[in-house]
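Common to both upcoming complexes is subunit A, partnered first by subunit B, then by subunit C.
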Partner chain A sequence: MKSVLALATITFKEGIRNRSLFGIALLSLFLFGLNISVAGFFMRDIGKVTVDMNLSALTLAGLLLVFFVGINLIAKDIDRKTIHLVLSKPISRAQYICGKYLGIQFFVTISLLLLLLLSCLTVGLLFKLYPAYFIGFSWLIFFEACLFVLIKFWVLTAVVVFFSSVTTSSLITLIFSLGSYIAGVTIEEVVFYLKTELAAQEKIISESLRTFIDVVSYVLPNFSVFDFTLEAAHGLVVTSDRLLLSLGYAIVYIVIMLSAAAYIFSRREFH
Partner chain B sequence: MTDITLSSVKKIYKPGLFKKNVQAVNDLSFAIRKGEVFGLIGPNGAGKSTTIRMILGLIRPDSGRILFRGKPFRESPILQEIGYLPENPYLYDHLTLLELLNFCGQSSSLDSKRIKMRGQELMLKLNLLEAQKRPLRTFSKGMLQRAGICFALLHDPSVVILDEPMSGLDPIGRKMVFDLVMELKDQGKTIFFCSHILNDVERLCDRIGLMHKGRLIKEFAREDFLPNTVNSVFLHTAKISQSQLDKVQVLGGTARNEGEGHLLAIPDEKYFQVNRYLEESGVDILGCRSEWLSLEDLFMQAVKEQNQ
Partner chain C sequence: MRRLLTFLIFLVAIGVYFPLCQGMWKSREQSRANTPTGYMIPSKFSRILALGNQGLLSDFLFLKIATHVGTKVGMEQPFGEGDWRFVASGLNVVTDLDPYFVDPYFLAEGLLAWDAGQPELANQLLAKGTNYRRNDWRLPFFIGFNNFYFLKDYETASGFIMAASQLPGSPDYLKTLGARLAYYGGKSKTALLFLQEMLAETDDPLLRQRLAKRLRALELAVMIEEAIGKFRARENRPPKSMDELLSSGYLHALPLDPYGGDWIMSKDGRVFSSSRFADAPPSK
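Here is the complex of A and B:
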């Protein structure tokens, strides 16, 4: 456990000192600032637009953090053969995977929490300026939505770690992870569509394609289960069952991804 | 007692579809005894780094056995005993040396007091104390190499594996590393290292293995290239007859073939006698040499024989 924590600590430090972080923070600040400056254009929907924009800014920042910094924190180790040095210490391959995952997860969490602080200031400011248009707004639901944005990136980090254990270059890891993210965000809608009568009338959708999409929907991470933007924007209460189900799904998916990564990594050779 | 034993180890790299397999290591067998300095030399692509990676478990051999103190290699308990420096180590850019050494100590289960003590000791020896709080990305190539050595030695391993430890070092850095390796040797550590700098190998190693095309083609003991010729003068002469050679030997000299002629090793105290005899016999002296047989000579000779 000591080795895992030591590895997680250096991974976190390596990530948090990366200069790309300034760029991501600036972009987020710009989006929050934009939110304040354009909020007045939306009349009655100020509250909804504010919540929506803030959650979107957090999501965009999280994606940039995972794809531009997080991937490098593990894939660069393999690319640059730093892993030879690390694995020459009494650290097992499974410990390496766990340490790297925890380090990236910690890095993403701290960075997003800092951005959430700025996001709260934006929402708080607009809430104070236009209280009449924030009817139904609940900080609790907003924070729940933010928490699940964070959990979504924990799952995405596990996907990144999995692909890093399979591939030999950071670019391929990036392509696969990005593909999984895009498919994971949209797969639920595709599955729902295929169950409609409209889809049943489409001749182009064969039975084998339906089966294929059905299988893929179980394999790919379903990121839409972590999306509570609608609820946060409209102040709709999210039931604890749904929250627990989403949390459970995230934990199971992360465990499966990391176990598979550890298994593949333990069989891998480092030339 | 042997620390590391390799028997009939083979490794073939499969680069991918439509590409020819590469036999990186072929039927490699050798043993490194406890407390000795074993050097592995060979041309580029001979399989030296592959051998080291197999020893560390980064690559699995296709066949053969690798034993550590008589037991098969497994991960954790054995790696505690090993310190490894790769060729051109890539360290974490944004960490400081102090943080890197802390990680090394923690992963090797050292307590913080011991990590601090060993870290300071090594950084002092390798002249890195002033740079300990600087990010590693600001280090020069030589400094990174020395930082890698600190990383390899922090947990005080009993077996040290160094892959090209002198690479990228300036003469001062080389001297530091040389002294450190000599110190480790005096402490009874087992040292296994690969290097292209034959002069360093010659000076440091008790035994040397020469690898070529994945095979160990020759093993030299220190005595093979450093015979009892310490206080001798080496003369390069034109070809001399067998009777003249016998006479030189009677007078105390030693001879071996060197190109078209001979190389004579003459003890200092016998020099004038032998020189007078050579003059009287009309043997041409072509020049003087600084050593009897260099490792480079042995290396080139062995590689040439193998290629033929």
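Here is the complex of A and C:
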């Protein structure tokens, strides 16, 4: 456990030192600023627009963090062959995978929490400016939504770690993870579309395609589970069992991804 | 020397860039004005294309529709059938992406019911909203208003107004308004109450201006109707014409219709205007 934590700390420090972090922070700042200037364009639902923009800005920042910093944190060891040095220490490959995952997770969490602080300032400022248009707004639901944005990236990080253990190049990891993310955020719409009567009339959609989508819906993470933007935007109460189910889904998915990654990684040969 | 050359090239490029940029924006403005209204991707696709940012996409599309309408109004261009189709399908997509978003329902009421002359379309959108914003009294109020004012279906209107009056935050007079509607149908005074509430609920300056004008016209119609009522009470018969009403002293002078029409009196004592309280017939 000690070695896992040590590796996590090193990975976290490496991530924090990355200069692209400033770029991501600047981009988020720009988006929050944009939010303040755009809010006035709307007639009434300024609270909704603010929440939408803030959560989307956090999501975009999180994606950039995972894809541009997170992937490098794993791939660097293999690309620069420093992995031999690390694995020569008394540390198993499974521990290595866990350590790397925790390090990136910690790095993404801290970075997003800092951005959340800025986001809260934006929301607070607009709340002060347009109190009449924030009627349904609730900080609690907003924070719940933000927490699940974070959890979404914990899952995505696990996906990234899994693909890093399979592939030999960071570019392939990026392509696979990005593909999984895009499919993961859209899969729910596709699954529910296929269940509608409209889709039943479409002759193009064959039985085999339905089975394929069915299988994919179990293999890929359904990222819509972690999306509480609508609830946060309109102050709709989220039931605790929905929150627990989403959390449970995330934890189990992360465990599956990491154990699969650890298994594949332990059988891999480095030249 | 090489540095100087690079600098010169840079200066020339900058010198060319600015007029080019101005030309580009001008050409874009022209081509946007000339191209038929944009195509709105149906929500079953845009939900997927939003990549989890359905809320943000709904905000963006709403702004796009508002900008489209604003540009047309600003350039004083007439609205064609394509424009209304764009607005209606766009607002439909926006409310599919986020059915709780209140702004599109207000825009639908302001544009589709008032300007496009398609209150049925506005009612369809508003009805979708009532399935989600169940505690918002304004949406059934708008449906009731459209049924009353545009579709002249007083019974349906009364039902929606009664439903709106049951919801939290609704003004107290809605209950009596619903009942009034059921009894009196389309009296001008009922319309006056309705319009006053619409005006209080509207932020959009353009719609406010229109509502205020119509309110003024209705106030005048109510004033004449009241004079007719007094005449009836005293003389036990309705006045034969507007002139008789004037000469008998119940009304000092016939007010000017803000829409430029002539006042017409119906047999049951209701007052209309030949302008029908409209600047121009709505373009469909």
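Following the convention adopted for this analysis, the second predicted complex is superposed on the first by the 271 of 271 C-alpha atoms of A that agree within 3 Å, B and C clash if a C-alpha of one lies under 4 Å from a C-alpha of the other, contacts with A are read in each partner's own complex, and residues count from 1 in each chain.
Assume a contact is a pair of C-beta atoms (placed from the backbone, for glycine too) under 8 Å apart; a residue touches a chain by one contact, two chains touch by 3 or more.
Everything numeric in this text was worked out from a predicted model, so none of it was measured.
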Next item on the list: Quick one: on subunit A, after the overlay, do subunit B and subunit C clash, or do they fit? Just give me the call.
Entry: fit
Next item on the list: Considering only touches as defined above, state whether A:9 meets subunit B (first), subunit C (second), both or neither.
Entry: first
Next item on the list: May I ask you to decide whether A:53 touches subunit B, subunit C, both, or neither, giving the answer as first, second, both or neither?
Entry: second
Notebook entry, point to check: Can A:80 be said to touch subunit B (first), subunit C (second), both, or neither?
Noted result: first
Margin query: Quick one: is A:88 in contact with subunit B, with subunit C, with both, or with neither? Answer first, second, both or neither.
Written below: first
Next item on the list: Please work out whether A:270 is in contact with subunit B alone, subunit C alone, both, or neither, and reply first, second, both or neither.
Entry: first
Check: Just subunit B (first), just subunit C (second), both, or neither: which does A:106 touch?
Finding: neither
Notebook entry, point to check: What is the contact status of A:17 with respect to subunit B (first) and subunit C (second): first, second, both, or neither?
Noted result: first
Check: Tell me, in angstrom, the smallest C-alpha to C-alpha distance between subunit B and subunit C in the overlaid model?
Finding: 31
Notebook entry, point to check: Along subunit A, where are the residues that touch subunit C in the complex?
Noted result: 38, 41-45, 48-49, 51-53, 55-56, 59, 182, 185-186, 189-190, 193, 198, 223-224, 227, 229-230, 233-234, 236
Margin query: Quick check: in the complex, which residue numbers of subunit A touch subunit B?
Written below: 2-3, 5-7, 9-10, 13-14, 17-18, 80-82, 84-93, 269-271
Item checked: In the complex with subunit A, residue positions of subunit C that touch it -> 44, 47-48, 51-56, 58-59, 62-63, 66, 98, 100-103, 106-107, 203-204
Check: subunit A touches which residues of subunit B in the complex?
Finding: 13, 50, 53, 56-60, 75-77, 79-80, 82-84, 86, 89-95, 99-100, 102-104, 106-109, 135, 148, 151-152, 155
